[in-house]
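Report on the structure given below.
Labels for the chains are A, B, C and D, by order of writing; each one numbers its residues from 1.
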Amino acid sequence: MAKLGFLGLGLMGYPMARNLLRAGHEVAVWSHTTDKARKLAAEEKGTFCATPKDVAAQADVVFLCVGDTAMAQEVILGADGVIQGARSGAVVVDCSTIAVAESRQIGAALKAKGVDFLDAPVTGSTPGAESGNLTFMIGGDEVVFNRIRPLLDPMGKKIYFCGGAGMGLQAKLTQNLILSNILMAFNEGMVLATKGGVDPTLMLEILDNSAAKSGLISYKAPFVFSRNFTTNFSVKWMFKDIGLMLESGEDLGVPLYLTGLTRQLFQTAIAAGHGEEDICSTIKVLEDLTGTTVAPKK
Amino acid sequence: MAKLGFLGLGLMGYPMARNLLRAGHEVAVWSHTTDKARKLAAEEKGTFCATPKDVAAQADVVFLCVGDTAMAQEVILGADGVIQGARSGAVVVDCSTIAVAESRQIGAALKAKGVDFLDAPVTGSTPGAESGNLTFMIGGDEVVFNRIRPLLDPMGKKIYFCGGAGMGLQAKLTQNLILSNILMAFNEGMVLATKGGVDPTLMLEILDNSAAKSGLISYKAPFVFSRNFTTNFSVKWMFKDIGLMLESGEDLGVPLYLTGLTRQLFQTAIAAGHGEEDICSTIKVLEDLTGTTVAPKK
Amino acid sequence: MAKLGFLGLGLMGYPMARNLLRAGHEVAVWSHTTDKARKLAAEEKGTFCATPKDVAAQADVVFLCVGDTAMAQEVILGADGVIQGARSGAVVVDCSTIAVAESRQIGAALKAKGVDFLDAPVTGSTPGAESGNLTFMIGGDEVVFNRIRPLLDPMGKKIYFCGGAGMGLQAKLTQNLILSNILMAFNEGMVLATKGGVDPTLMLEILDNSAAKSGLISYKAPFVFSRNFTTNFSVKWMFKDIGLMLESGEDLGVPLYLTGLTRQLFQTAIAAGHGEEDICSTIKVLEDLTGTTVAPKK
Amino acid sequence: MAKLGFLGLGLMGYPMARNLLRAGHEVAVWSHTTDKARKLAAEEKGTFCATPKDVAAQADVVFLCVGDTAMAQEVILGADGVIQGARSGAVVVDCSTIAVAESRQIGAALKAKGVDFLDAPVTGSTPGAESGNLTFMIGGDEVVFNRIRPLLDPMGKKIYFCGGAGMGLQAKLTQNLILSNILMAFNEGMVLATKGGVDPTLMLEILDNSAAKSGLISYKAPFVFSRNFTTNFSVKWMFKDIGLMLESGEDLGVPLYLTGLTRQLFQTAIAAGHGEEDICSTIKVLEDLTGTTVAPKK
């Protein structure tokens, strides 16, 4: 069993680290919220650490799952960061969704200290993290990837190696780009159909039997119909990711017309008070404006 | 077997009418291109007619599949139109994709003469029309629908009754609204990923195994990868349909932000010379601009 | 003095026709609202007519100012329309803002009867119409234009001959295209500045002393600051005109990205209940969403 | 005469610093390009410094004009930055256009060392900088502003105090927000009018005599007509500023629909190779797409 570290024990990181521990690995853990690290260490026989540096000092492979680019920079490159304690030959695997360019800079800074780095963002949200069914998209050195590959087994089922540094993030952001625009298309279409008198349940059935079928729509529509906006993936979180897509478009010189507009529509949903709700609550902006409720008639 | 009529023998109408004939119905046919009507009459024992009026004079149910709103108005309400020859109690089934409001006006004009009307747009394109596997979305009087329902069997497998007059069109336009926006999202995402170095084949595999999976993308991406832009559904045709969606949004007071932008992106593809090509050729605008080809590296 | 006709006595047409009468011309008048035509005839010694045809029968030059393309078609080409009564050699001057393509069709239909046609949309709104200070943008045959040119003097001060048929409308729509987008830019900028704490009065002063100075902004901002949304040019009216711009873009193959989006933002304002208010009330959508009032602090 | 410093001697900073020297002030200068600082020191009797820290050590008021947020952070807060050398009671006046939030952080960091900070972005481009005719928009402590106010005289004519920290930037970004959207509106309108056959010179005359009159359009249109795209304000520069506007919108929770789209249109112009050209070259994207040249016919 390997000597591992895990940094960031939020909604995703906590169950991911727990799965590593339950698979029999030694895992040193740190989290911004100290209590979570203490709890996980106590309940699952992990090793509590006070700083990312301390985690790095005792791990061959350090996993990371934090909220944004600035946190990843702080946790890896900061005064108490991984870079201060990591051993030459160690590997840092960043499961956070952060900016491509900054991720590459982090990797380069670690490389200068003899530490390898992989960007390894995940999808599957909390249920996937808990059941060990995440999807990993990974960028970096393929030899390094192959070395750490077996360690991912307790956490995910689908593992995609996407190419050099940043490619895992590129693939993840592309996926979310398509998702966020499909969601806006669904909102427009479903409000139009409902306002026009078509029953939304029937409309969904028609979509599900057409080329317009989409995993996201099939999954989210029933929540909308039953007015259940419990957060699975929040508007604010996707808004942040759309910002990363646009940064990537800027870096690569690719205009992203729909995505630029979709970002402002997410901004609208935030302004209307839906920032902490599930992304499917974005439909409420258009519903409220048009006096429509996308739900089957009683 | 019923006495039927079929007006408009284009890429869709010709095989639809042929399937009705092969199912054993008597079908009087007319087409703007007279030769097509003569050919079908000769080869499949249909009855050639010189005008829509003549067709209507000998049919209990008249099907229609023409290119746009103005043609439908002319064919039904014009000087030689269906309305001049139709018998009281006859039914007109309009399989064209036209404007919702104008479709209702046509229905009302026929009703005043004792003729019933259903809007019944289809999806499935030419292959679906040929194999009798179209999807019908139908609006109008449900009793009338149930009466003509069996006649659709030779043409389509999925038949959705969507509600009152115009609802079939509403459902069809909603479906295309979602499709056209998904296509633009695919273009942006795939060019971004490819420009960023991710192999498009891998990107598609990742999408196909995620919530971003979409029938359209799974179907169209391989054509893009193999640079096959043979027209299945043309840019100009979808551009026309997007115009109908926006008209419907205007009638119902529903703002359609993405769709409004998507229409201008289709306009861009037309300006760039791709109007007659398949809708997936819209990606070429972004490819050319960014010097990217969304195809696997050799 | 000439024998004239005037059709359509709305907010614009009434004062325009009155100015022609007061300049000493004989003017036969007709309006959809019969009372207006009777009133003008009575008060200003015009000749009341029951139909556009009757007006045409007694006029050498017929002016027209109606609300949309369908009305213009009806008034000119309908059963009681100008075309039924106009004498060969007469001129029809259409001051309405209608679709370019349909305007050309109207002109062609009249030409076939030996009647000349000019598209001659105006700007200046009701105050300009009342004071005889309208701006005319004119398309058609230049010889015809020169012949009727002096007749415009009582109605307008700036007269631009823009070229062949439809060019007057093209120029008018271009002007409104720019205006409507500037208005949206003003809304976004002013809400942003105000929300950020900059006094809107100061912001306007800065704009007025910069390259961002704009006639529209300088004129409209004080109304917004004083919360006076009295209709000068309504949201619905501009919404209609934006539709005409987009039709023109479609006809000419020109993508209009901002304009396509601006149309949906006007649709939003209509959905929010501001359709009948002045175009500057569009800012209220963004104000309400962000909890901002673009007005100087007391 | 005051003891001043000036950091950043680019197209704007060089003539600004020179004007301060010519007004008789002692000015210590530093620039990223050392040669420029040496040249200015030699020609205008300034004092060359090797680092921003050295400048700060000998100045009561330090001006700054650099290219982006990161540079401003480095020059002020970096290892050789102003903050290392500035005396308590000194004032830093930042004439750069940078992000509002980061500007406030810089100000707070300086304040903690007893140094005052004003954000003071300018407009007027190089000609304005050379002739001492810039416009200043200033945010920060009004007492501090009043103290340094006379020092601005050699550089600018219009000085606006906009409110607390960041308000100068807020006003500047608002102005550029409106400018960049007006430019896109001009592009769409002028290409539409020209493609439709209206002479662009006439169209400009009509605009200049209407509510659609705009300082930017009146100024830039003649350059477009004469195909002179010499850079006055580059596409890339405005693209950067639009990014700052959108960041400000995000911070304040204000959706900026047009601006989000306009940013992607600027991205398109960059992709098409116009990044280093003047902002009015953005029209070439639409011209090339539609086969139109917005120039008077010969």
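The rule is short, and it goes like this: a residue touches a chain if its C-beta (ideal position, glycine included) is under 8 Å from a C-beta of that chain, and two chains touch if they have at least 3 such contacts.
Keep in mind the model is a prediction, meaning the values are calculated, not measured.
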Shared chain contacts [chain B and chain C, defined touch]: A, D
Pair of chains joined by more contacts [C-beta pairs], B-D or A-D: A-D
Chain centre separation (chain C, chain D; CA means) in Å: 38
Euclidean distance of C-alpha centroids - chain A vs chain D, Å: 37
Whole-Å separation of chain centres (CA-atom averages), chain B against chain D: 52
Junction residues of chain C - those touching two or more other chains: 249, 253-257, 261, 265, 268, 271, 289-290
Of chain D, residues touching chain B in the complex: 257, 261, 268, 271-272, 289-290
Complex interface listing, chain B residues touching chain C: 243, 249-250, 253-257, 260-261, 263-265, 267-268, 270-271
Contact set on chain D toward chain C in their complex: 100, 123, 135, 137, 158, 160, 162-164, 166-167, 170-171, 173-179, 181-182, 184-186, 188-193, 195-199, 202-203, 205-207, 209-217, 219, 245, 248-249, 252-259, 261-262, 265, 286, 289-290, 292
